[in-house]
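Take a look at the structures below.
Presented sequentially are two complexes of chain A, the first with chain B as partner and the second with chain C.
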Partner chain A sequence: MKTIGFDTLRKEAWDKVTGRAIYTGDEIKAGTLHARILISPHAHANIKSIDTSEALKVSGVKAVLTGQDCAVRIGSILEDRPPLAVGKVRHFGEPVALAVAFSERAAAEAVNKIKVEYVPLPEVFTPSEAVESTAPLVHENLSSYKKAVSDVYPEPNTNIAERVKIRKGDMAMGWAESEVIIEASFQLPKSDHIAMETRNAKAEILPDGEVIITTSSQAPFTVKKMISQYFNLEEGKVVVKTPLVGGGFGGKAAMTLEILAYLASKAVNGQAVKIAYTREEDIVSAPGSIGLEAKVKLGATKDGCLKAVEMTCLLDSGAYADIGPRMAKAIAVDCTGPYNVEHVCCDSLCVYTNRPYATSFRGFGHESYTFCMERSLDKLAQTLSMDPFDLRLKNAILPGSTTPTMVTSTTSNTGSLPACLERLKSLINWGEGSRIELGNGIVRAKGISSLWKTSDLPTDAISGALLTFNADGSINLSSGAVECGPGMKTTLAQILAETMKMDLSRIHVKLDVDTQVCPEHYKTVASMTTFMAGRAVQRAAEDLIRQLKSLGAVVLKCPPEDLDVAEEKVYQRHDPLKFIPFKDLVHGYQYPDGQSIEGQIMGRGSFIMSNLTTLNKDTGKGVAGPAWAVGAQAVEVEFDTKDFSYRLIHAATVIDAGKVLNPKTARGLITGGMCMGLGLATREAFEYGDQGEMLNTSLRTYKVMHIGQEPVYLVDFIETPQINAPFGARGLAEHGIIGIPAALANALSAAAQTELDQLPITPETIWQAKTGGKI
Partner chain B sequence: MFKLEGKNVITLTVNGEKRDVAIEPADILLTVLRDQLGLTGAKPGCLNGDCGACTVLIDGWPVKSCLMLAAEAMGHQITTIEGLKNAPIQKAFVENWGFQCGYCTSGFLMVCHSLAAIHPDADEYVMEEWLQSNICRCTSYEEIRHAIRSIITSA
Partner chain C sequence: MIPFTFDYYRPDTITEAVRAYKELEGAGRFPIYYSGGSEIISMARVNNIHTKAVIDLKAIPECTVFENNANELVMGSAVTLSAISEANYYPLLTKACGRIADHTMQCKITLGGNICGTIRYKEALLPLLLSDASVIIASGNKLATIPIHEIYNHRLNLKKGDFIVQFIIKNKYLSLPYFHIKKTKNEKIDYPALTLAAILDEGRVRLAFSGLCAFPFQSPKIDTAWNQEGLAADAKIHEMINHLPGPVLNDVYGSDTYRLFVLKTTLLNLEKELEKMPCSN
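Entry: the complex of A and B
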């Protein structure tokens, strides 16, 4: 192989170091109007009245909209969310009104002059309170909401948007076989994606009704479908464009501002309107991550063989369901982690509260339940007086075992966790001991975590690739996948170059997405682009090769099966000196007398998920994703027993990547994920006042990792091919985050000799756990 | 001291060229560079001085252009990412995989470029102190550290 497996610069690398890379907000056009939103200062309140009269008097204001002006409810699973609040607000930060003006400043001034009278309602702030029968209802009319999918089961007159059940084996038998049982409970906070580019969008409506939306989205095709569906527009009349995206991490997979931009444009006769969240709005008004309350009960034999796992997961989805029901499913599907457990019972509930709503976040819930499961495993290891590493290795999922949803594990669909664990063990020198006292009250400690993840995409998720030849024999590659950082367009180019056996520099990728010309890619999510779009590219390449051989056969006067392609030539396999260059074929072949045959050669490749099923409602049996990527992670800390402070020393990951397509890019995705995981583990969490108002709404108060705070990163890969994936490569873009919070908590729990079951872990929380908060 | 009221045409020196812009006194440098001069390499990330995505150089020193009025920049040499031509740090970022989504990259490059000029012998501590003004959410910072180290001799 010449391209696959080699460090490959991203196609847009030089654009990105010269300021020439274009993002949604960089397309500045004179005459574009600006919109700003007014957000709710209450977590739960009836809207008594909204007075927009003063706002409309502001110079330069063109329109002011409220919930009364848009009678739709949106949601990709449950249609429960009005784009602007109607009747009541359900979370702090909910959009209540919107002003459109010549300038952003005038729009902001107008928004400040909108007068809203609220009547506060009783709030419910935690999912465990929200599932109680006496809890205030966030949605009184839950049963009347339209379902956007068939397999979601909201429970009327409750705050439960979805309940996913796993019933595997026989729990009575599992507990009977268990000689040791441990129980633990966990509470994890909501946090935010903090993509450096805040969400922003533009919309205009042309005189013939064509709607043009430009948006910083991971899901332009979803935006197109939803806008067309909610406003009864012909799908082809909605065109969605997405240039480069400044970070997504799942947060830009949900439709947020696009619908407001459309409504704003509609209110001003279709003029172009731009709307961008401020950083504060991006944190409080746009969706963040789920919170999680979980109870875990593990049963094992004395020698550490896991027999039973019982879990209850209450996902805090906040005020709206968004993709929450699917995260409840994803957590249930993989609830045990990558271990062989015969008896499993898991109830995973997506619960409404009056917190800001949640959407997909890197890891899709896995970083949350993995924390609970892997902390529990360390507790079990402690009870058993067993090495935490040995406990994991002993129970690692192997070919022939079944997952919680009864999928039989194979080498191809799961890879090798034991290989990851063994590699990790040497990488972090686990053998020297997981807790070493260095003197002067300083302790060096290590914690580990396993991880796995499958995709949980719809069973009919599609992707496509279109290839056109330039006259010189080079190829243009178009895909509907969004370039939001992981370098997927370059990966696709690598897959194409390798399949065509030609030079990567001769592949030209369309970096932006335009739903009118690019083939659909479901959403750029779930670490599935390489698999789905890669398979589509391979098919498109095969389509090109078939046509090249067919035309080459005419020119070279031989059967097409005697031909092969490489180095931009079609050649006879048995006599490679008989060949014709691509450039003489790809825009038609011309005979010496001028007569020509065939035209431009184009390749098309289409892909749809195969053999995925919905889950059985009662047992959870079903196939949620095409394969898993498994891995093992560790964090090493130096802990000061005198003041409970700690330093991050090492963070390590070994992932079974199937095949590493682009080593430096793969390492960057894993370490980037680890860095974000360390953020969640050490500092990131939403903080609220008594009334549910959010307190840390800026990057000065909501702290993320900065340079100098990071540990030394250790990364290695195992390569057990996923047979049905391009060159065997598994998805891995999210996976670096998944086990890091757990590994850090395990390290610090060992270091401080106390149980740290909440996030984030700060010197103060360690002090509280250790001393009970007594000075 | 000078006084501005209403709309004014002022001259800024951007990337070595004199450019006339029409500003209001409250206009920040970032929006004037982007909206009037089309220099969109500097990005809005927080408009609060916390993230550094809008960093430009003023007389060679990194400044967050969201925290500076356009009027304040009069009489100073403004350098934006578009003004870097084959600076060593650009190549260093490319070769060290110093970015993924690229949104924070212009800001980081400007800080690094200035650091290399002002403290060509910066040690690890100085380097971290300078770069903590900026946030990257995609990378682990390891790559950015390697990039700056590759152009600073003794770091």
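Entry: the complex of A and C
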């Protein structure tokens, strides 16, 4: 009967492997119109005029919209983004106009006939240029923008959307105690999520004003609230539906196409409109990941005890802030990595540039700053002639240490990094040596990285679960969490089955989300679904059990405290042969003479984050998330010193999972993250022309990892329970990505005996670093 | 989705195809010959090409011939890269075709399409240049047989409305010792930073390159430089670089200096491989 800790087939597995699973774009009702967008060919330009007259003449075209037709600005932190550009464009690929037509082809033809006159403006392409006082402003009226949250501090007349500061300890003392100081700087490019399903949405407005939106989103409840807020609609009149989502990776947490679908529908008298981004549009018009420029300064004693960490992180948020200010916060909160450092100074800035804008991406900034921190640690280890494992073990965060935001670490809230490092060490056979020459110029090398991550959700983020019974005693589970791949609805079913002590096959989950009937789940993000929705499910199960016992007590003529539930029965603990099956209770109990009592038993469970605080504006002191998951990762490469090419041999991860709920799924999640990390490390990056035009906007030119080029993946888990989490399980959905770019760079830096501080690392960049570009 | 409408023609004979092209051209329909369609579709959907008519050559029997007779290998222009790989009549060409795009695309891309398309690398061309292939062209009302070095010399010299029907390679080339290496930026399935194909013919090495200059090429001068007796590899490579037929490509797939570095390491590697070959002299 136990399901926790056992390999469990995901509930939607059969639908998925037979191709029958339904995604947003799979169903289209008769009469649906289609919308396509026109995008900006400029990175920064004033819009002098837009002529839509020829577009409107295309047969089948119903409407053409420009920024003038939708006077709202949107954003979940800062309301800075018009759904269609108004006055000027701020990045290549920005949506400028939209055509609605009977067919997608007619809409596309109309878009091609829209004439826009632009007057190019000076561009700013890197965050370090953007923070200069002379830099062109991406947003001239930054101070006039409405804040969607209270704790964000855009700096007027600059390109700085947010500045998060960490001031812990006394830096002067930290440097004084340091016998060795190393400094390094890093540059990481923007890239894309490349979810298999591109973003797409449908909207219609019914005659009574009800707005129905179907969307591929990680945040249907946010879409509901934002549409209601921006257009002054009663919240209950906006219904958002999300079927299965074909990959999110954070990219579908931001509202993008939903508002365009709504505006398009509004322009055609409420008729249903579908809009789906092509892969090219999904890459340039929808948000990708942040870029990062960082400076790191570490101070340590000669025996490798970290004394001071100073970091400046400039996040390239692109043209709009979106969730960027929160990623600046997330980087600051965890900036040191999972190490005990007494003196910390970090400035983490979210900066506007004329690049495509960014949103959350698997790791939420951790994959970026971890690269900088863990590369720096290897440099320090080299300077100290210390083994990279020893350096990390020596400084690993332990119970009693404090984090950069001065949260005291406990076994429950942090887990055990030393255990992860020790396990990793044997998993990758570190003892044989981290750099081995195999002859003929071939070198095998290994590199490592630690990782940690907590969530940075709002302090009042909520979740909920509703349970109903079928007459046969099986349970229907409804939650507002979106199923975007990690099998979280199956995890919730496992938690429910385990709590109810019943068979998992008797739990039926609602896989899609409908904001009208599902209880709200904040957003399916931040590796927090198991924690938040799982807690809600546990509460709902307890609610069921209480009611079952209460009714069972009447039927079995005993006090409820003498009863327990298991195997779909309510039974007397002292005499289990006295029981009554669920099926005789759950839709009301009927006495032999026909009289009935109670009615349907339904369970409700609610959850809200507790004990989280906003950060102090000056010191960063505060509690950002409920707990961390820590881990350690390694990559092993085979490097050719003659032509600087390399092969990936092994990639390994050991994570303190708290408790592994579903081993194969957990392994899959970690492996998927590692694969994405290797993509970032080896090939994924936006490439631009001189004018800021993007050069690799299709999968022909933007390369992701392919089968056959991957290493052997090694995954193992430590289990130090997080006491307040369901069955002790920590959030780990993002974590596989975090340390991999650093581990690869550390491996290749060791292999090539040169410092590789930029991503992606290709034979050409190694050749550049090693030879300075000599033939 | 292709954002414009166009007519689709599927002639059964060469004569019909040529006539259709002429008529459509005259009627201002900007016809294009169509075979695998992978490039036409991917370019059309992002507005990089526009046409009002495509003429599909795949129903013309001569364009789909694929046979190895007593004297030669005959390959219709509409034979797919995957068919070439599977039959493996010409191992060097198999290797070249196996490194163009991914397998799904190889099942669509045709030999004629790879060579006549707009994507500059045309890697299937290298084995044809090395084996002095003959090319059968449909030109007006007649077929012409033209040496590949005439029809392709840094650019394809096809007249408007002409199309390639077949490539013919003499059997002696099919089994010569060969060398094929493709270097990409990092991802295996990508455009080349350098593709080098070579054959060893009666003790003499012939070389062909893609990804080095803006066009693929095979150059007698470069071959001569490589085949010099008694010169150190470094010196030979230096001389070869002086004979390059155009500027070295400099783009996101590789800077010009990096491509030269790759050329040098690849040629040094080739030299080692040649030393191992028993038939080398």
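The working rule: the second predicted complex is superposed on the first by the 774 of 775 C-alpha atoms of A that agree within 3 Å, B and C clash if a C-alpha of one lies under 4 Å from a C-alpha of the other, contacts with A are read in each partner's own complex, and residues count from 1 in each chain.
The rule is simple: contacts are C-beta pairs under 8 Å (C-beta built on N, C-alpha and C of every residue); 3 or more make two chains touch, one makes a residue touch a chain.
Note that the structure is a prediction, hence the values are computed from the model and not measured.
With both structures placed on the common chain, the touch criterion links A:764 to chain C but leaves chain B unconnected.
In the superposition on chain A, no contact is made by A:471 with either chain B or chain C. Within the superposed three-chain arrangement, the count of touched residues of chain A is higher for B, of the candidates chain B and chain C. In the superposition on chain A, contact is made by A:278 with both chain B and chain C. After overlaying the two complexes on the shared chain, residue contacts for A:112 are found with chain C alone; chain B is out of touch. In the superposition on chain A, A:642 makes contact with chain C only, while chain B stays out of contact range. Of the two partner chains placed by the overlay, only chain B lies in contact with A:671; chain C stays clear of it. In the superposition on chain A, contact of A:708 is made with both chain B and chain C.
Using the contact criterion defined above for the overlaid structures, shared-chain residue A:700 touches chain B and also reaches chain C. Judged by the document's definition of touching, chain A residues 105, 278, 698, 700, 706, 708 lie at the interface with chain B and also at the interface with chain C. Touching chain B in their complex are the following residues of chain A: 9, 12-23, 25-26, 28, 105, 193-198, 244-249, 276, 278-279, 484-487, 664-665, 667-669, 671-672, 674-676, 698-700, 704-708, 710, 713. On the side of chain C, the complex with chain A involves touching residues 1-5, 42, 45-47, 102, 183, 185-190, 193, 252, 254-255, 257-258, 260-262, 264-266, 268-269.
Put simply, chain B touches chain A in their complex at residues 26, 34-35, 38-48, 50-51, 53, 80-82, 84, 90-91, 93-94, 97, 99-106, 109, 128-129, 131-132, 134-145. Across the complex, chain A meets chain C through its residues 36, 104-105, 108-109, 111-112, 278, 280, 642-643, 645, 682-683, 687, 695-696, 698, 700-701, 703, 706, 708-709, 760, 762-764, 767-768, 773-775.
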